[in-house]
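Just so it is clear, A, B, C and D label the chains in written order, and each chain counts residues from 1 on its own.
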Amino acid sequence: MQKITLLIHCEDQSNIIASVTNFIATNDGNIVYIDQHVDREQNIFFMRLECEFASNTFALENFKQLFSTTLAQKFQLEWKIFAAERKPKMALFVSKYDHCLYDILGRYNSGELFLEIPFILSNHLDLKPIADSFNIPFYHVPITASTKDEAEQKQLELLESHAIDFIVLARYMQIVSKTLIDNYPNKIINIHHSFLPAFVGAKPYHSAYKRGVKIIGATSHYITEVLDAGPIIEQDVAHVSHTHSIKDLIAKGRDLEKIVLSNAIKLHTKRKVMVYNNKTIIFS
Amino acid sequence: MQKITLLIHCEDQSNIIASVTNFIATNDGNIVYIDQHVDREQNIFFMRLECEFASNTFALENFKQLFSTTLAQKFQLEWKIFAAERKPKMALFVSKYDHCLYDILGRYNSGELFLEIPFILSNHLDLKPIADSFNIPFYHVPITASTKDEAEQKQLELLESHAIDFIVLARYMQIVSKTLIDNYPNKIINIHHSFLPAFVGAKPYHSAYKRGVKIIGATSHYITEVLDAGPIIEQDVAHVSHTHSIKDLIAKGRDLEKIVLSNAIKLHTKRKVMVYNNKTIIFS
Amino acid sequence: MQKITLLIHCEDQSNIIASVTNFIATNDGNIVYIDQHVDREQNIFFMRLECEFASNTFALENFKQLFSTTLAQKFQLEWKIFAAERKPKMALFVSKYDHCLYDILGRYNSGELFLEIPFILSNHLDLKPIADSFNIPFYHVPITASTKDEAEQKQLELLESHAIDFIVLARYMQIVSKTLIDNYPNKIINIHHSFLPAFVGAKPYHSAYKRGVKIIGATSHYITEVLDAGPIIEQDVAHVSHTHSIKDLIAKGRDLEKIVLSNAIKLHTKRKVMVYNNKTIIFS
Amino acid sequence: MQKITLLIHCEDQSNIIASVTNFIATNDGNIVYIDQHVDREQNIFFMRLECEFASNTFALENFKQLFSTTLAQKFQLEWKIFAAERKPKMALFVSKYDHCLYDILGRYNSGELFLEIPFILSNHLDLKPIADSFNIPFYHVPITASTKDEAEQKQLELLESHAIDFIVLARYMQIVSKTLIDNYPNKIINIHHSFLPAFVGAKPYHSAYKRGVKIIGATSHYITEVLDAGPIIEQDVAHVSHTHSIKDLIAKGRDLEKIVLSNAIKLHTKRKVMVYNNKTIIFS
């Protein structure tokens, strides 16, 4: 049995669901999961399907070709098809904070994450021992004002040579370049340590402390060119009080960051996320 | 445009999604919402659809007849079809506590609930003034050991004469009879003031206090013959501490009860709940 | 037995706790509750005490006088003393939304709130029937650009003549004047329908929808001259998804608003809130 | 400056707060934190203080002696005094699950936990590599029906020879013996993977799945002789739905277990927990 995941969006129109499901059935596929959403403000239809085909007769490229020239044309669909058994390859970018790294590698090691980690990259050497202890290649690509372009070039080469599918910034403290973003659109996941859009930018826990909020949060989002303004994948919060110092907020926030980021990674690798107009549709 | 909601469950089998969607399309319906679930343990398939038909040609009874004799037979479907524009009729059973009653009537008055309330029934007169202030008929049906059968008969007559679709026990402190349950299967919604299955039965806040739990909860479920063991529709919890007295737990719990019960009512009236083997499927 | 609540703040210094507790003991009081906090950034000490005195010998004014001339002077204390049995008087300002009003009055009626409501005030007549059904005086004070000063004068007269202690803006859709704020410093409680500081100003649910956030919130705070920037008393949030329309966010948000506002009212009336430098200390 | 933490409980009585604070002041101590609680049902008073003394004159043993013979006798106090700078020594008992172990060691490594870990003990060898990678001694003490007494003896020797203060069962899948419990009363912290008292005993996620609950939880508690019935330190929950398989519940639960257990460890090591009559008082 071969399994595929199909993501579609297009202008909302009649009979789209019946047409797609009928197409799958006609081509000897069996739909095992279907979810759909209509954005009524923008009149856009979104759908996610998981389908099974008999392995001996199914050829993914043929199916894509057929889908593309018939249904996709007729309904003017934007679409993506993924072979379900293929693990996406994730590059981990880190800096000096280790909590998200430990969390992701612990989950990875225990088989919780459906992905491969070809390498970890950092502008510092601090976390190399952790990468070593999990037997994952670690690349040190330092960044200074004068070496920025060079470093970026090195990053792109590494990403390409390892056939990376998506990048996770696990508290990577650098601004990512436009080139990188353009090469990996909606494929660079960041964790920001506030409930966006509150406290954009640096030192959100300090700002939260100063404002005297009673909840803090963390937000995982795709990186776009506008700082901390990309499509939000996942958010969570925790209650705090006047008794929490900035240090306490940072400690409490670490737990939020870990869980929110790992949830975003899971959603992304399960192809549960669609992006449209700087917002996400998250199929459950 | 006429809109229907279709709920289906059956043994899981190939091509069921494509067949149903195709059937709708063939009969000039347009699917505007589809959600499905497969219970892999029990191999049962569940689906919920919302479909639109042109008003001038569509006849609900004809459609039901056709669906029943073709698709339903072929796949051995259990199914229900609801006309979306029809408001379900809800009977409210209360006793002496007023918080859930106020909450439901406040929402009802402001148009938040898609339902009608033909009457409120109680074994006490305490809450009659509230019913009066919202201009809803109030029936006083006292219950004593000797009048129990008679009271129950009176209840059944009222429910039938008002064509009630479902019953909400808004902190109604009486055990509901088997006859009532049999007449309204999975149509009697109760609110229990604990996170079931913890603290079944009377005085759950007292038990929670005694056990020293750090969270309390509320659970909305359909009434079955086994006390507090029916299918759970919705649950929510709140954190508490050693500083909370039993009275504090009761006060904090009231807010949970209100929200959990009103959410269950909304899910039920939107036909978002399916019940199978004493568990619920809640479509989002 | 006579009970008082004592709130103190001052520059942090040695022996302040022992000195205050000793003072109470020396004057035949028994401390039944003590809580304290030190803001290490600003070096400020905060304390809240509940003390009991024998009724036949205790005179509140004498005690205040003594406290003021001895301890308060020695440690340069800012302090407030409240007789615990006196119910604070709350004025309710509303506009057209009824959910917070229903919620507060339901709690008030069932004895959950320790306060009196001398009157409800609105710039519209829409909610008068609700006030009537709870038998609470309702004043209609319309506001237009030309009558603003006059309306404000009328408000101040009503507040004064009813000896109002604090004001609750239960979705009162008007900007409150500087004069009112100056007359009731940290005594005007507002409910804002977002997790501040995100989505300051009008239509926060629309902004939340547009940004695609995965959580929405509500914030209760004291009104200051800067819009939505006053000291935060209480916040809560709820998870949302792409399936929620703006209308859904508004409906879900109403439940947050109700609970957050009523919690803030309870904290305020129990004298659990201290304000310093635009932040709150909330004693539990 | 030398800092101590003082925990007291006794029958509730007048002037206890003033007397204790006065005693500290008289002995040249400065109270920097005070919290107290009265259990009105059982008429028991609880207090936690942090005090600072000038290092050159303060002798902890002398202070204890004086406190014991004066105040403690007068008020019949139960009390404990801890030197704040001394890190408690924690033994980690594990079995085959690694998520709590990774979580605790990650926090330990980054300095988040105020404690020492002299050793990790397991009845299996599976997690030895993790202990090795963090450079913590690992003892393998296998347990079979015939070697149970011997294994227990070995455990007690290890605990004693390393001067262990408290034990954490990080998903240690064995029933702990009465002897161990008696030697470490309210000093053995367990994590149970349900919101107790629901789903006591083995396989709680399976039971939760079967019951169809909409929330799952985790509970950290001190071990007593009655299974899963000891004093609860911390609980947390997560929302689930019909879409979650047992495997999903287990994965989601792991995150709860990690956070709940590490919070309990923090509360214990900060001396924030008091136990009375099988319940905890948790000072914030």
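Just so it is clear, contacts are C-beta pairs under 8 Å (C-beta built on N, C-alpha and C of every residue); 3 or more make two chains touch, one makes a residue touch a chain.
Chain by chain, the UniProt names read as follows: A, B, C, D = Formyltetrahydrofolate deformylase.
It should be emphasised that the depicted structure is a prediction, and the values quoted were computed from it without experimental measurement.
K.L.:
What are the mutual neighbours of chain A and chain D in this structure?
P.N.:
B, C
K.L.:
A-B versus A-C: which interface comes out with more C-beta contact pairs?
P.N.:
It is A-C, judged by the count of C-beta pairs in contact.
K.L.:
Return the distance between the CA-based centres of chain A and chain B, expressed in whole Å.
P.N.:
From the centre of chain A to the centre of chain B is 37 Å.
K.L.:
Could you put a whole-Å number on the gap between the CA centroids of chain A and chain C?
P.N.:
Those two chain centres are 42 Å apart.
K.L.:
What residues in chain B touch two or more of the other chains?
P.N.:
241, 243, 284
K.L.:
Which category does the touching pattern between chains fall into here: line, ring, star, complete, or other?
P.N.:
complete
K.L.:
Could you pull out which chain B residues touch chain A in their complex?
P.N.:
These residues of chain B touch chain A: 14-15, 17-19, 21-22, 24-25, 30-36, 38, 284.
K.L.:
Contact residues on chain B for chain D in the complex?
P.N.:
Touch residues, chain B against chain D: 37, 39-40, 195-199, 211-215, 217, 231-237, 241-243, 245, 278-282.
K.L.:
If you look only at chain D, which of its residues touch chain A in the complex?
P.N.:
Residues in contact with chain A: 98-99, 102-103, 106-107, 109-110, 112, 133, 241, 243, 251, 254-255, 259, 284.
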